[in-house]
Structures are given as C-alpha cells and as structure tokens.
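Two complexes follow with chain A in common, the first pairing it with chain B and the second with chain C.
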Partner chain A sequence: MDSPGLLRLRGVVKRFGNFTALKGIDLDIAEGEFFTIVGPSGSGKSTMIRLLVGMDEVTEGEIWLRDKRIDQTPANLRPTCMVFQSLALFPHMTVGQNIEFPMKIRKEAPAKRRARAEELLDLLRLPRRYYDKRISQCSGGERQRVALARALAFDPEILFFDEPLSALDYRLRKTLEKELKDLHTRTGKTFVYITHSLEEAMVMSDRIAIMKDGQFEQIAVADQIYSAPVSRFVAEFMGEVNLFPLRAGADGRIESPTLSVRPGVALSDLAPGHDGLLMVRPEYLRLADSGGSFDFTLSGVVHGEYALGSRIQYEIKTENGMVTVEKLREERLSAAEGQKVTLGFNAANTHFIGEAA
Partner chain B sequence: MNRLDGKLGFLSALPLALVLLLSFLAPLVVVALFSIMPPKVFSLANMPDFSAYSLFFSQGYYKSLLWSLGMALCATVILVVLCWPLAYAMAKVFGRFSLILTVAVVMSLFVSENIRLFGWVLTLMKGGLIEGHLRSWTGVGFEGPLYSVPIIIFGLVYVYLPFMLFPLAQGISMVPDDTRQAAYDLGASRWQVLWQIEVPLAAPGIVVGSLLSFVLAAGALAESKILGGQAVIAIADDVETAFTFGQNWPLGSALSMILIVIIGGLALFGVSKVDLDAIMGRKR
Partner chain C sequence: MSTSRSTRIVLYVYGVIVIAFLYLPLVSVGFASVSQARYLSFPIKRYSTKWYGEAMASSTVSELLTTSLSVAVLVTVISVVVAFFGALAFARYHWRFRTTFQKLILLPIFFPQTVLGLALLMWFNSLGIIPTWKTAVVAHLVWIAPIATLIVAIRAYSFDPALEEAARDMGANTVTILREITLPLLMPGLVSAGLFAFLLSWGNFPLSLFTTGADSTLPEWLYAKMVSGYSPLVPTLGVMSVVGSFVLILAAFAVAWLVRVNRDARVAQD
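Now for the complex of A and B:
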C-alpha cells in the first residue's frame, strides 16, 4: 500500500474458548476502497466484521481507524456502521423515520433531517413519497435501499456490509450488485463487504481478500486472484479450474504424470527439483486434434456437455480424473459424447502453484 | 371440500359456542337489568329507575372506585418496571433456566391467593416473623407496614406478577436482536435503544400484561381486606357488601356495571391498539 490505510488491523486474534476464529490478522484498507472479504462459512469472516463494527471484542491485537485506536471503543461510539444481512430495519417506523434514525440520535433539527432523508431517497433512487411508507409495504429491493440510506444517513467513515444480498433472488441481486458499486463511486465512501459469493466480490470490489480458517489466503485485485491464485484453495474457490501435478527434474526438465510436455517448455516459478500444481482455467483448453501446437497436451473421452447460457461446459474423462473445458456457444466442440479427444494449452495461459498435489 | 370442512367445523362448534355465549352474556344481562331496579328489590318485575346509580355519587362509592383504579394503576406501573428486567432475561438471557423460572412462578399460583396473603400478614404484622424476631434480638420493636395503602399495592404487585411477567417476556422475545444491534451500531445509547426500539417493538406484550394486571387488580378485594385491613375500601368490596350484608342487589349491580364499563372500555381500547396476532405467534 502506498498510503497508510484508513483502517489498519495489527495481529488481531479472536478466540472463543479453545477455538481460535481469527489467527493474527494484519490488514490495511485504503480510504475510498471497495474491499471484499470472501470465504466459505466458518472461515471467520463474520467474526471479523463483528470485531470491526464493535459487536465483539478482540482477544489480542489492535484495530486503528486513521490515528485512533478503536478496538476498545463500543459500537455506538465508532464512526462506522453496518448493513446487516437481515437489514435490521425498524418495523415500527416509516421509511423516513428509519433513514432519520441516526440523525435523530445525533439530535439534528427535524427540517435538516427531513432534507437529508429526501436527498438519500434520491441517491438510492427511491421516490420521495416513500418517506411515509411503512417498511412492511416495501419490496425486498426497496428495503435494501432503505437500509443503505439509513446507513449513509449515519455518515460513517466506513460502511460495512454483512452479506446483505444473500437472501435475494438472482436477478435482483445482480441489479443491486451494480447499484452498490455505482453508489460506492458516487459517495466515495470506504466500503468493506463480506460475502461467500465470489461472483459478487468480483463484480464490485477493488480488492478481494480470500479467507480460510481464520487467516487470509490471498489479498489482491479480482483479476489477479482469478488468474494467479496463491494456493489450491483460492484457485478452486474462484470458480472452475483444472489442476495438474508437475515436477521439475534436476536438469529443469518438466515432468508430469498426467500431461505430455513439449520438450523445452519452462515455467519461471518452478525451480529444478521442486514440484507443485499447474493451474489452467477451463476457457484456455483447446482441442488439439485439429492441429496447432501446444506446450501441454492430454487426452480423454468426452463425458458430458452442459449448457451454461453464454458458454458450454464439457467434462472430459482422463486417466487421472475429470478435466473441465469451457467454450463460448459459437465455439462449440464438434466432438460428441464418448468421443476421444486430445486437449492442449500453452504455458502463457497457466499459473503455477508451488503447493504439493 | 374446504367449504364443506368449514361448514362442518362451524356446525360442530355451534352448540358449545352457544353455551359459552349464554353463560357469559346471561349474568351480564341480569346484572345490567338489576342495576336499573328500585332499591332493595329481588325481582326484575319492577318499574326501572336509576336510583342505584345516584347512590354511587351520593354515598361516596366513587371514592372506592377511585381508590381501586388508582391502586391498580400504581401496581401496574410498578409491575412493568419490576418485570421488564426479569422478562428480558427470560426472553433473551436465561435460556433453559427460563423454563425453571416459569414453572416456579406458575407453581405459586397453585396456592390460594388468600393463603399467600395471610402468609404475608404473618410475616409483616407486629409480633410477626420479621418484627417479632428483630424485637427479641434487639429489644426494639416497630409498627409493621400492614394496614396501609402501600402494603395493598405491594399485595397487588405480588399476586399479579405472573400476569405481567409472561406477556412481557413474550413481547420482548418479539424484538429482533439485530434491530437492537443496528440501533446501537447507528450511535444509539443503551437508553435510546430501550426507548426507541425495544419498548415500541415489545408494546403488544406491555399492553397485554398491563391490561391483565390492571383489570385483575382493579377488581381485586382480598389485598385491601387482608393486607390493608380495610384502610381503604376497594370497589369490589363495596359490590360484595351490597349483595351480601346490604341485601341491595340493584346497588351491587349498578356498582358492577360502572366497573365493567370502565374496565371493558379500557380493555377494548388497549386491544385495539396492539397487534394481538403478533403476540399469538401468527404472522403480522
């Protein structure tokens, strides 16, 4: 990071009895960043956000916001707030009262509150007449926007999100993902977002942190996490992937139990005498039967064909398990199920992971 | 098929519904009719007059009513404040211990109210459990707190606690945890969370508990008789006296009608204000 982070975590540990949920987290989040923490359930991401918001206390370590240490500050005195998974709207208040709640707590004048609430309704593209609507009369997407407006009315330094879209149907989720990214751009606020959905993270985030067992596996921009994962976990978490074990002999020659390697092919990350996994995403696999020369080839039998909408996915059965291939619709393979095929790919489209198979 | 089921259900519920309706309504109608009979008659075959109602003011029965309503109000307010923390703990903190607490509180209802009140008399009276022991240890005695208005209110609070506690716990359990956390996260203090989130969201429980306690306390007479030693007369006491010693059924009926109208009106008003479906666990 060039600039010192807006939010800094140093050696943050959280234990529940004998169980360590967070194992010494160091993290810097820059001002204005859209930072997403992705992980499967139980990875510690929810614990993490509870610590950041102040709903739980750290066992060890420090959390700094600008030049203030906040890990001992109770949630209501922290200049941050969270959009809950359940949204946690106040059912006994109208939309307007919900949005004005944080301003009312700060004892702002009613006229000022009203004006700001209407501004926020505009910002979230809700009609102003919604001001007097009851929460129970709002649809799922509208409630989402009210929750966002309420959080923005608090005017937080950082806005935290705890999987706020996970309960919505696919189409609404897709719309709101884009709206959220747009809102981030327009407000310039720092967003810290938690989700188990990689897709969601990819669409919205500046940087993504992959969490596993209370630690970060990798923190990087979305593209890098997709194309250059540091571990098998990250590679498999970020969508469909093919992993092939590799080994470099003492002379630097690459050997693989599953792939035929063209003589002279070298991988910069693979030192002589070491082994690891070669990752290739399904879209980089080509049919080698029709000619062309490839650094790596393997053969198998077409086992299944699945339509994914814009793409088609193939499962190719090889001696060492299934390989996944994806093609655009117009590049549909001519091979039928049960047909023997040879697949090829080039070193430039691969990523080497220095982790034992 | 559904319509047939509905019809059959209605028909089979009809006999019992009629019996219940009659057994609730008939006494009310009789009391209402007796309340407009001339003094001290025992038959409804008389010319109606409203002399019994005029006695309510001229004979000072309104004072008994005001005492009853005032003490019931005090007891209800004390009960809300007293039961809130306990109900909160039962709904949110105690977990399985709440069940034990529930059983314990309900068990106290197995013993007759009069016996429990006499227990308090033995505990609190001069020469009783407390004062007697203190006097024998220290040699200094004091007047007991018995036979006063505060001790009557204490008795009402003591006897009607379960009727406040359980609806209140039910009401509090309806407050979603995350609304509380969200309010706190948005900068509210503990008090602000209590007044702006918890109390309004638990309102159905508060209203139901308050109504039950108030209605029961306003019609109570054992507390003022046993603990209060008739320091003040409760309206229910006047009703009983009119029917028994006074042999004046129209007066007793008129006093009952006044109490019924006031409390009934209050109950209807309260119930109309809360979402009973919510507290019964149905979808709001």
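Now for the complex of A and C:
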C-alpha cells in the first residue's frame, strides 16, 4: 500500500471450535476515517470488533496499529476504546465518575480529571450539573452521550462502536446519528462503527464494508455501495431493489425473459455470451404509458400502495413477480390499484451485477 | 381494582391470624423469660428480670455465646468468600460440567440436616478428627456455603459482564476491576449472603448436635435443658438470641444506609 492505514488487518481468521467466524480478513482503515461495518446478525461483525478491541484472540493473522502489532496485546493495554451496545455505564458511579474512570485508571490528578470531564460534558452538549447525576437519572440519549464522553476521556487512537444506537427509538437515533457524525468531524478521531442498519451506516460513514459469512462482500463509499453493489446480497441488503436477469447473445444483443429491451441498448459490463442481473432502484422506475422512450420496459398491475412518509411505495405485480416503485409524495402515480401499467427505465440508472441469477 | 368491604374484612382477619400464629409462641417465650417461678405456668404470678441477671453472670452462658459466635463468625466469613468466587465462576465463566457442578453444590441444602450431621460425624471419625466447635464450622459450611453462593449468584447473574469488559478496555487490570467494579456491584449480595450465613449458623441445631463434640453451642444447650432440667434460663437465652439476631439485621441495614449516605456525600463534595 502506498499510504499504510492507521489500522491494518492481514489474513485475520477467527475460529470457534469447528465454526469459522472470520475467514481471512484484510482491511486498511485510514487515520481520521469514519468506517462502518454493516452486516446481518451472524455475519461476523461482532466477532470482528471484539478482536479489534482485544476481548477475543485471533486464531490466525495479524492486526497492526500504526507500526505496532497488537493482536497479542490484551484489551487493557491497547490504545483503543469501545462504546458498548449496552453502553456499559457503571451504575454505582455518577456521570462524572463514569467519565473520569479512564483518567482515574491513568492516575491523573482529581482537578485535572474534573476539568476534562467538564470539557467533555460541554462537547457532548450535556449540562455541567449532570456531573453529579446518577446514571439511573439519565435518559437514553443522555446515557449515550455519557458513554461517548467516557470513551473520549480515554483519548483513544481509535474509537469503536458496537451498535450503540440499536436500543433507541427512531427519532433519538436519527438525532444521535447526526451528532456522532458531527462529533467525528470535531474530534478528528478515527471511528470504527458496526451496525446492522444500512441507514445508520449511510448517514455517518466515509466508507462502508458489507460483511457476509465472515468475509467482506464490498468495501466502498456509501454512494457506490448503494448504486453499484458487487453482488445480489449487497444490492438487496442496501434497501429496496429490483433485479432482472439478463443475457447477452453472441451478437451482443441483450435478451431478457422479463423486460422488453429497446434495440441497440448496450451495457458496458455485459460481454457477449454472458449473463447476470440488472439492478434498478425503485426511485428510477417511471410510468411509460404517458409516452417517453425507455431502454427497458415491463408491464404489470398495480398491486399495493404504501405510504412511507415523504415517499410512496408501489408494488407492481408482473408475470415474473413483484416490482417495487417509489415516488416522492408530490409525484405520486396516477394509477389506481388493479390498473394495468407499463413501467420504464433507462440504462444510465441501472447497474449490472455479473453473477448468475 | 377495588375490593369489596367483605373481602377486605376477610383479608384483615386472615392477616391477623397469620401474625398471631407466627408471633404468639415467641411472645409466650418472652413472658416465660420474665417469670420468677422456676417452672413454666400461665398465668405468670410474679414478674422478674432475675433470669436475665443470672444469664449475664453465668460463665456457662458466656462460654455458650463465645462458641456460637465463633462458629457463626467463621462460617459467615468463609461462606462469603467462597460464595463470591463461586458465584463469579458460575456467572462469568463457561466450563465443562458447570451446570452439573452447580446442581451438585446445591444438593446438600435438600439433605435432612440430621442425616447430614450424622454423615459428617462418621466422616470426621473415620478421618481420625476429634469433633470440636471447629468441625462444626466445617459442617455448617457444607450446608450454608451453597446457600450463600446462591444468594450472591443471583446478584452476579443480574449484572452485565460488559461492565467489567468496559473497565478492562479503558485500561483497568484485574485487581482494579475487582476493586472498582465487581466488588461494589456485588456488595448487596455479599451483605445478604453474610447475614443469612450468620443467622443460619447461629440458630443451627441438628448439624451442631452431631459435630461439636464436647463443645456446645447455644441451640444445643437450649435443647439439652429442655429435655432435662428446664430452667427459665432457656426462654431467657432464647429471647436474648432473637434480640441479638434482630440487632444484627438492624446493624446491617444501618451500615448499608451509612454507606449510601457517605457515598452521596462524597459525590456531592467532589
């Protein structure tokens, strides 16, 4: 690598008995990056973070932090810190004592500890009088901030997050996602975050890694993962999607069992004699009945209409299964349930996934 | 939900009967202890505190109290230490035969104590150990340490292991984690376990009967006196024992309260 990352994993394997949770992970995380690992439960993301903070040992492979190999270093000697899913705030201590805990371990003077704790309360937008509050007196969002303040008091090289927002209600989660992103910018620290929520990952991250069965399927910036997934798994994991099988004949002509293809349409990633899946996100589908020319069209019957808040989702029943369409509220389709419609979209708004359907 | 008037009356009456059932025998013992007569008969003709005076002055009584107290204090200390590590082993670590071991450990609680006492006595004999109050400590522990472990384990199971992991992650070593996190959080469990251990040992008769040898604890002496040679010292010592236990419980609450007040004060000062 030309610019070695702050954190480097080389061939990291973790086995539990006969079960291999991580199958040879290579990863580079840059200094100051907000890096998110997304995956369904059982994908290995929790195992991964436990190895990174030192709560479990790697079976094979190496973990490097700057120029030090740390995979054999116990958790208490690593310069990293984690915000737990349960937050792990100490219930027998006050907010102040919680925040000062890492500084107390480092044997810093009480006055210095107190000053830093107050700085952190300010940074996390908690009133200073919270210093003397008990943890049980704090709300969910406040506890979240206390846990963050405590982790920052440790002054880690990397701050790890193990799904810390998963237990909160929707509105609070949305607020805290933005605050976390903001905090990342203000502190300039390297954040490594794991979650099963795509939305959370998209809002906050510089780069996202999609994990499946102990391996990374794709590592890229959020936009690229959304618009150009490398596999069906990533495409389906990253929100609603329509996938159509395609094939290019020997002459390069595109054939599809489900779509009508306009003659002359070509896809750069689809070589003659190969097949794969054409992905189109629901927001790129248009009604073709009212004219306009499209590279691909298909017809079906409006099956259902669901309000998603600012958007409306339609399910269109076709001969080959359901197709999902999403429209902004003010652009709602002028078609009632049960009505026959023709949908169209253009090659520019699609992404080709070169794998067998 | 509101209860009807008749239901309420039934509930009150039931409550009073339960309380009477529990406390009348104790109250009658109390009365017996302040009767001047040598033999127990109701109604009491002359009240007197003379038996309390005699109990205080008696060297037998002070010897009994010393033995009972030594046994109970040792049993309490050892049970709490064993319970602390045992509970952590159950709640924090996964090892082969853990659940089996857990059940085996609890089994002595379900043993009839007289059988257990006899078995232990035979065991001491075959090992060539002469029973004294020290062997009684061992006997009590067989029965009480599992109970204490159970009490601490309930507490240990209910606290999130992530708390210890978080402390380690922030640089704390094993000793610091124990001092700053584990011990303070288990403290309520340890205090109740200690209290139970003390009271169970203090009042124990069947195990002591078989395993104290020539020494005698308070319950043993009380029993012996009831069987042959009743004296009003029996109810007197009974009352003193109950009052002693009660004072101990109050003291434990007082300590817990003081710890909380002190902690809050320290927090406010910081």
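Operating definition for what follows: the second predicted complex is superposed on the first by the 355 of 357 C-alpha atoms of A that agree within 3 Å, B and C clash if a C-alpha of one lies under 4 Å from a C-alpha of the other, contacts with A are read in each partner's own complex, and residues count from 1 in each chain.
Basically, a contact is a pair of C-beta atoms (placed from the backbone, for glycine too) under 8 Å apart; a residue touches a chain by one contact, two chains touch by 3 or more.
Since this is a predicted model, take the numbers as computed values, not measurements.
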item: When chain B and chain C are modelled together on chain A, clash or fit; value: clash
item: Contacts of A:Asn76 with chain B and chain C, given as first, second, both or neither; value: both
item: First, second, both or neither for A:Met322, with chain B first and chain C second; value: neither
item: Partner chain(s) touched by A:Leu308 [first = chain B, second = chain C, both, neither]; value: neither
item: Chain B versus chain C as contact partner of A:Ala271, first or second or both or neither; value: neither
item: Partner chain(s) touched by A:Met55 [first = chain B, second = chain C, both, neither]; value: both
item: Contacts of A:Arg114 with chain B and chain C, given as first, second, both or neither; value: second
item: Doubly contacted residues of chain A, that is, touched by chain B and again by chain C; value: 53-55, 74-77, 81-82, 84, 86, 88, 90-92, 101-102, 105-106, 150, 154
item: Chain C partner contacts - residues on chain A that touch it in the complex; value: 53-55, 74-77, 80-82, 84-86, 88, 90-92, 94, 96-97, 101-102, 105-106, 110, 114, 132, 150, 154
item: Contact set on chain A toward chain B in their complex; value: 53-55, 74-77, 81-82, 84, 86, 88-92, 101-102, 105-106, 136, 150-151, 154
item: For the chain C and chain A complex, residues of the former touching the latter; value: 160, 162-163, 165-173, 176, 180-181, 184-185, 267-268, 270
item: Of chain B, residues touching chain A in the complex; value: 176, 178-179, 181-189, 192, 196-197, 200-201, 203, 284
